[in-house]
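One chain, chain A, appears in both complexes that follow, with chain B as partner in the first and chain C in the second.
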Partner chain A sequence: MRNVNVPRDGVPVTQAKDVAADPSLGKKFRLRADVVIVGSGGGGSVAAYELAKAGLDVLVLESGRYYPSSRFTEHLGDSMQLIWRDQAGQVNTSADVVFAEGQCMGGSTVIGGCVMQHPPDWVFQRWVDNHGLADLAPEKLAPYFNQVGQEQQVHVNESHEINACAHKVIQGCERMGFSWQPVTRNVKRCALTGHCLAGCPSDRKMSALVTHLPWASAYGARMFADTQVTQVRTRSGRATGVDAVVMDPDSGSEVARMAVDAEVVVVAGGAIQTPMLLQRSQISDPSGQLGKNLAVQPFTQALAEFPEDLHAFRGALVGVQVDEFFDTDGYFFYSGLAEPEQMLAQGYLGAGQDHIDFMKKYKRMAALNAFSIDEGNGEVQWEGDAVNGSKKIKWNPGRSEFENVKRTAALAARIFFSAGASRVYLPTYQHLAVDSVFDLDQTLDQVDYGLNGMYTFRMNSFSAQGTCRMGLDKYAAVVDPDGECHETKGLFVADGSLFPEPMPAPPQWTVQVVAKHIANRILERRDGLFIQGNSA
Partner chain B sequence: MSESDKAAEEVARLGRRPFLKSLLWGGAAVAAVAGGSFAWLRRSGVDDEPVPDWVRHLHANEYHLMRRLIPALLPVAGTNLTPPEQVPVLRNIDHMMGLLNTTVRKDLAKGLVLMDNAAVVSGWHGKRLVDLEPEAARAYFDTWTRGNRIQRALQGVVKQFIYTSYWREPATWPPVDYDGPVTEEWGLEYLGNAPLPEADQEQSA
Partner chain C sequence: MRQQDFSDRHPSFMAGLEPLSRRGFLRGSVLAGAALSAGCARLLGRKEAPEALEYEHLEPNEVRTLRRLTEVLIPASEGLPSSIEEVPTLGNIDSMAGKMPPQTRELFGLALWVFERRPMVSFSFTRFSNLDDDDALEYIRSMQQASFFERGLTTTLKTVVTLNYWRDERTWPALDYWGPVTEKWGVTRLGNAPLPRA
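For the complex of A and B:
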């Protein structure tokens, strides 16, 4: 019997300021753990919880800062500057696609829109059939989905969680004959503030910050924020730990260097950061696929103006989804209009009077976020040395991907016109708005593919995946069905980077499920993995 | 080295910069570079104006450019919107500049030099952007909105800096009915950490 107490609020996290204030640590220090986990988001937090609960000595290292919910201001600008990676400016090499990502304790679970979607079974059946991932068959994953669903308090939006924005989408879908349904979200007693993207100050969003991280801590997991892992150390084909730098999050200056000795390393930094860490560490990769197959699930936001006031930014941020095209085309749509800054980041940018007129109509606007599945042809690369190098995210839409983005934007516009919109602002770098559905196609035809589709549609990605893909064949995949790197024993990946194919759904739920599966596999194999033994 | 010489050197090096290397592919970009070369002879009256002490990250030319563009891009006269001079737009822009990583910051600096100087020939204004009247400046932005991808990117970046720096201020929200933070005002109960899942609770009881 163990006495396990979850703190009422907050998580015990060692921060750069604590390291700086502790003379016993100095400028270089060494720690020992059974398992070191890199990243504290959806995957890392679940793995930490499961492994700590099983009695292993777990150490979690997070590059972002610890920003407890008591400090959230419900101001997107503040959050973007402090806990979004690169101040929400992480972009591809042509700087026209934004890759949104949380960089804080809890990672993207802290800044996401709370949407939890269970992908259809055919997605996982393809993983089995095409990549030999028998353990990830739909029937085997079902209990994991249930378990995570309960832990995350996932529920279908109730009627009071459907705001004016969502009602316009419903109205449009009904007239078009499109299928729609309320979204499933991981929120407990949602207070309908609409500030999900800035972090939930009353802890209703079931982010890792209030679930798996404090639970892991209650089971003894230790956590460091402000700690950038520079490389995974290996010896004779086995992971032996990591090297890291503790940085002051405000000044960016180095506070100390940390070395961690651990027999198991779990990397869960997400599909952008994880492959770059493995590249920096020169992990053996016979597949040649490390960093490749980047799928981004591009989305754009169509803004519609209605004749009446909607105040569509009030209420639950995401109310309904349009699932009419989910199985046939891989398109999916979510209602959701956030605060002015978010709209400016994604939407229409006129000059002068045009902008003033646009913003004066903010209360009459609704937004529909249009997602499409891409082909996974992007790539992430780390260039330069481990500390001072830089990242490169290479993704621009191919022609068919561009056409998909265009089609989703057109569908979103049609839904809004059917709901009675008087104008739809198109999500393009050109300055395009349409006042009638009859002008829509002609206007969209002004957006041509050009050079690699650059600076055409204002695309964003909240769901990068696929850069360390999982599979049975070590010449085709980076990690094996246990999530372990094919040629580096004890080095596991537990995030969206291991999805073997682009997935047409928001990934958080699946990431958490796969992380649970990988943690279980580590525990099942503990006799072989922890050869020096551990206290459990 | 004078500011003009620095600008000349920067423009000459643009072709080697990844962010802007494709600039040289577009006709409008050639005009922009040509505009830059004219501008070395075309100084502006604002070039010698002082910059406030609080400016930490904006270069002097950028400060003057943004200062002149704010009223052009945010013409709120005659509306109920908050006048931009009542909110710290420039301070916010300065702060945002300080958050950019070094590479992006350098590229942006070059882009802003280009955008400013290219107005001399782009649209045949005969003046730098910093010296254009608000109406002409807006027209210049509209032209760049329809331009090549680099022009579209640069005009978008400038608008985002100015608009975001304005709209992030709570004083700008009431006129558009945006509520801003509500948790405290509504007296929402703080729920804290979620309890352990039931299975764990039974195990540890």
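For the complex of A and C:
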């Protein structure tokens, strides 16, 4: 019987400073493992846990830094600078849509708003019907959802987790006759600080940093932070390992080069980073779909000013969701006003005394984040060589997508006016605010599509997906139903990039479920995958 | 509805930006002249203000633009710390610039370059950093309502500046924002979650 001890606090992670201080490693070193996992977020951490638990020698490589929760300061500005990718400045090619992503041990699970949503069954039934993914049928995934739900302490918000911001949304929905419900979150005994986006310093958010990573480590998985994988190595149509660079996270300078030999490579860098790694590695892709079909689930935030003080930033960050339009239009809305920095994601902003007056209304503000489903027409491309090249995220809204964003912004504004808002600040690049619901449409009409919808609405994406889509047909999909690249044996993808169609729900729960499924498939096929016989 | 329409107050105000295309031919010569003067100044040994030396990642000309933008966007106000003297807004931006990927850094530099020189067409050949307070404010406001490119540029720069001011906890009492509370409330850390039962 194995003696398995989870560390009480933190995760044993080798960092750049450890590599620099270890003369035995030098400037170039080589490691071997049964499985190397690229990325330590929702997908990578679950895969690491499942595979290590089964006795495989697992190595996890994370490009971001290791920032344990004991160091979180509850300053969003600090977190953005240290653990959000590109300091929350990862943008599309026209630089008007922000793609938020965690870049740290635990990835986006560390900086997310804790929202866990089980997508409706029809989503997975479409995956079965349209892409031949019989193993992902709703009834087959149900046990995985239950398992992840328990591991993640997913629960429906209780009344004390509904803050003033959420109450305003409820009030508005009740008056409009819109359906709403408390959000399900992965939090254990929430301390109601409202600092989710800056990272939870008391370990109540069930991020990978306090769940699957320490559990994987307890089963022997090794982990490196500050390690950027530059390419996946292949030979004769098989993955044989990865090459990586260990970088100092503060200076960006190279500390050492690492080569890892492994018979199975699992890439779980998310829908932006994963396809770029596969492109850099020149992975054979007969489908021509690698990096394409990027769906971004664009969201904007309507900010409403009320006559009374709300202090809506207090309490659980996300309280309720509006699900009235979920099945009909693919729209969904979450209440949530975060730190003052969030106010700066508005187009209104103002200048001079106007700006200061705007900021001083923070305590009277409530926010509703309005998501819509897009068509998945974006693309991610890596240009240049493996180390010095650059990424290109190509996504701008099409006309219908633009109209959807506009409609969700309008609905969010209406909900707030029904709740008694005295003004709603519209999420546009123009300086627009509305003082009456009767002026709303006219004001929104000032926002026209223009050139590719650029610089119209201040859109963000927290949920990129679809860039290595999964499917039975190797001429239509990048990975097969096991998550393995169609033409490269032993190379798996385990993140949101393999969603075959845009999904109208926050993806974390589904990503974790799919990663569990893929880990299980690797284990079921271990005799064929680990041909050197070194698996446990 | 409250939508600020500056053309009411200044009939010709919005037109201040409009002539860009009509006077496009001027732009090249103006900018070439500016570049030449900057080059001559360098050749003649004019030194940048010592304050520029404080910043590791920002160029002196970028510091000049950002300093002026910070002063105008976030002027002195009762109950708030100074955006220049007390809160290290520029220092924060400098640090942010140092961590930007090369591509983003290049774009940021270009954005500042354009923002600094754009008023030369509309404000008597004056750069942004040389505009007086009223003109600088008018310039920012009109840029916010101008073409998609100009409002994008302005919004981005405004966001960078204001973010690096309001992230400082000395600004929070004025907002009645509680800031970090975990320690203050004595919230205990739970540590890692226990291993799930098999």
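Please note the rule applied: the second predicted complex is superposed on the first by the 533 of 536 C-alpha atoms of A that agree within 3 Å, B and C clash if a C-alpha of one lies under 4 Å from a C-alpha of the other, contacts with A are read in each partner's own complex, and residues count from 1 in each chain.
Everything that follows uses one rule, which is that contacts are C-beta pairs under 8 Å (C-beta built on N, C-alpha and C of every residue); 3 or more make two chains touch, one makes a residue touch a chain.
If you're wondering where the values come from, they're calculated on a predicted model, not measured in any experiment.
Superposition note: with chain A as the common reference, chain B and chain C are in steric clash. Within the superposed three-chain model, A:3 lies in touch with chain B and out of touch with chain C [touch as defined at top]. Legend: residue contacts after superposition of the two complexes on their common chain; A:240 is shown touching neither chain B nor chain C.
When the two structures are aligned on the shared chain, A:442 is found in touch with chain C, with no touch to chain B. Once chain A of one complex is fitted onto chain A of the other, the partner contacts of A:201 extend to both chain B and chain C. Legend: residue contacts after superposition of the two complexes on their common chain; A:423 is shown touching chain C, with no touch to chain B. Looking at the shared chain after the overlay, A:284 reaches neither chain B nor chain C. In the superposition on chain A, A:434 contacts chain C only, with no contact to chain B. For the contact definition in use here, the residues of chain A common to its chain B contact set and its chain C contact set are 4, 6-11, 70, 73-77, 81, 86-87, 89, 94-96, 150-151, 153, 188-189, 191, 193, 195, 201-204, 206, 210-211, 214-215, 218, 309, 311, 313-314, 339-341, 344-345, 349, 351-353, 355-356, 359-360, 362-363, 390, 429-431, 450-451, 454-455. Interface residues of chain C, counted against chain A in their complex, comprise 1-4, 72-75, 77, 80, 92, 95-96, 99-104, 107, 137, 140-141, 144-145, 148-149, 151-152, 155-156, 158-159, 162-164, 166-169, 171-172, 174-182, 185, 187-196.
On the side of chain B, the complex with chain A involves touching residues 18-19, 22, 25, 72-76, 79, 81, 96, 99-101, 103-104, 134, 138, 141-142, 145-146, 149, 152-153, 155-156, 159-160, 163-164, 167-168, 170, 172-173, 175-183, 186, 188-198, 200, 203-205. Listed in rising order, the residues of chain A touching chain B in the complex are 1-4, 6-11, 53, 70, 73-77, 81, 86-87, 89, 93-96, 147, 150-151, 153, 188-189, 191, 193, 195, 201-204, 206, 210-211, 214-215, 218, 309, 311, 313-314, 339-341, 344-345, 349, 351-353, 355-356, 359-360, 362-363, 390, 429-431, 450-451, 454-455.
On chain A, the positions that touch chain C within their shared complex are 4, 6-11, 69-70, 73-78, 81, 86-87, 89, 91, 94-96, 150-151, 153, 188-189, 191, 193, 195, 201-204, 206, 210-211, 214-215, 218, 252, 309, 311, 313-314, 339-341, 343-345, 347, 349, 351-353, 355-356, 359-360, 362-363, 390, 423, 429-436, 439, 442-443, 446, 450-451, 454-456, 458.
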